[in-house]
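Several structures are given next for inspection.
Note that chain A is present in both complexes that follow, paired respectively with chain B and with chain C.
Now for the complex of A and B:
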């Protein structure tokens, strides 16, 4: 299972949220390939990576309600007619997933009719959905990061957990994801309060899960 | 009344539709300023042009369901925090108009739910609408050019007329626009059939217009 994160950001090193996510990826030692478009890339090499990946993430801040220009340049450079045919064939043989990881400084509530922005995030991001579906990718829900700089440290930690789960195992059951998360937090020696809270929550879920199984067994 | 057309296209000289529109603009001798982003630009000079313009057009082909990357780069370069404040003030004092002129090779019918694209043009272009409204511009309807290369010569000629009308006097009455158009076609020595057709149509409208006025006078 090969995962590829393609980051579009003209100043990654000056971005608190991008540095935070990259640091989290490093610590979690997830098996993902990260490409930073604004550092330059070899077109053929990147085409090869995309062909080999099972899951692709476009990660970027919202600049004027779309991705920074380096993502558009990447689409123009990499998705040539010849490569488009290859990707469509690859997707027809074995479906690849594509999703977005988008950060922005506006409030989530600003993305609706009646505001200055006036559109939902789904509308604004529709060009990327059309890109994905027209190439035969399965377009998955966007991971949204609003106003990172105003979040508390705990909220940021939870965000990181959700981000790492999004990247690593989006299709696992709630229980499995919780167990995975607990292990990760423990090895990372994260906030004890958070770990305790999660441990309690998981125990409750396990009880619930068992009760449901018992009920089902009783019905048979 | 200053008009500014900002073209985003990496290969204008190889584009039949862009060459055709530019040639039409030249022939019609309209008083507009044209900036070709991919030829490079001076940021301060361009900011000045935008501040002085009453009406701005972003003209581009649809690349992967959004504008080419040079338009995004232009937004990043030119719309700095300082300039954004200036533009908002300028728009608050006297509203500027902003609209899009968009060409694409897909059929118009491909822009809807149930297709591979799966979205309307309005949805796909919503980031530019949000850009316009968040800066206080009046966002006007998009001028759409589908499948230019498959159009007959007559259809292309009509398209040019509509394009020039869009640029030059979008708020005139139908009758005034017709008269203007007729004069333009005559000076350009265009297709006689088209001129005759238009002359007849205008005569009919004038009669109708007069009838309506008479009826109104009778009611008073």
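Now for the complex of A and C:
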């Protein structure tokens, strides 16, 4: 499965969040293609990447509640009528997915009616949902990064793991998250005792889950 | 020793000596995940015993 992360950030070298996420991708050795729009791009090359990708991520900070300008320019440059027709044909074969990875300095709780911002994130990001839908993409839940600099080190570490699970689509169930974690711990050659314990707990969880499903099926 | 305490202590020991940031992040997540899986296992056992209804549909 081909993954493409498109980053829009005018000062990416100075961005703590973007550096943090990029380093995480590097350390986890995830197989992703990363494009930094503000460094310039070749339209045809980018169109080819989009056609080949099954999952696309738009990653950006919110500047006054919308994406940096390079993302809009990219949409105008790349998504010509001819290219959109090609994408719709490609989608017929295999549905592409679009997710947003969005960082911001406001409190997450302020993105709702009745607060200083007064609108939910979903409302503010709805143009991207319309964009995805019009192309025939499946629009997936947004991964949010609120107030990164104010987070504790533990919170930032949890955020990193959640981000990597989002990119690798290992966040779709509690069990999948655990399986991804197990694989990462094994790859990184972590403590065998802890790995064995996690493996044992995952097996027990899966057995109990199946037992409950069987009981429910038996009741129907 | 309670199993939650045991693995938390193991993880804390490993984190204290781990130089690599990514590995420390994995250990932090492991601590969080093991606590949750143990809670879910306990609740699923109660559910099987008919003592608990899983309203969150785990």
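Throughout what follows, the second predicted complex is superposed on the first by the 177 of 220 C-alpha atoms of A that agree within 3 Å, B and C clash if a C-alpha of one lies under 4 Å from a C-alpha of the other, contacts with A are read in each partner's own complex, and residues count from 1 in each chain.
Just so we're on the same page, a residue touches a chain if its C-beta (ideal position, glycine included) is under 8 Å from a C-beta of that chain, and two chains touch if they have at least 3 such contacts.
If you're wondering where the values come from, they're calculated on a predicted model, not measured in any experiment.
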Return first, second, both or neither, reflecting whether A:161 touches chain B, chain C, both chains, or no partner chain.
second
Just to be sure I read the superposition right, which of the two partners does A:73 touch: chain B = first, chain C = second, or both, or neither?
first
Looking at the overlay, does A:28 come into contact with chain B only (first), chain C only (second), both, or neither?
second
What is the contact status of A:215 with respect to chain B (first) and chain C (second): first, second, both, or neither?
second
Chain C-contacting residues of chain A that also contact chain B:
none
Under the definition above, what is the set of chain B residues touching chain A in their complex?
10, 63-73, 75-76, 79, 116-119, 123-124, 126-127, 129-131, 133-134
Residue numbers on chain A that touch chain C, as the complex places them:
23-24, 27-28, 154, 157-158, 160-161, 174, 177-178, 181, 184-185, 188, 190-191, 193-194, 197-198, 201-202, 204-205, 208-209, 211-212, 215
Name, in rising order, each residue of chain C that touches chain A in their complex.
7, 10-11, 14, 20-30, 32-34, 36-38, 40-41, 44-45, 47-48, 54, 58
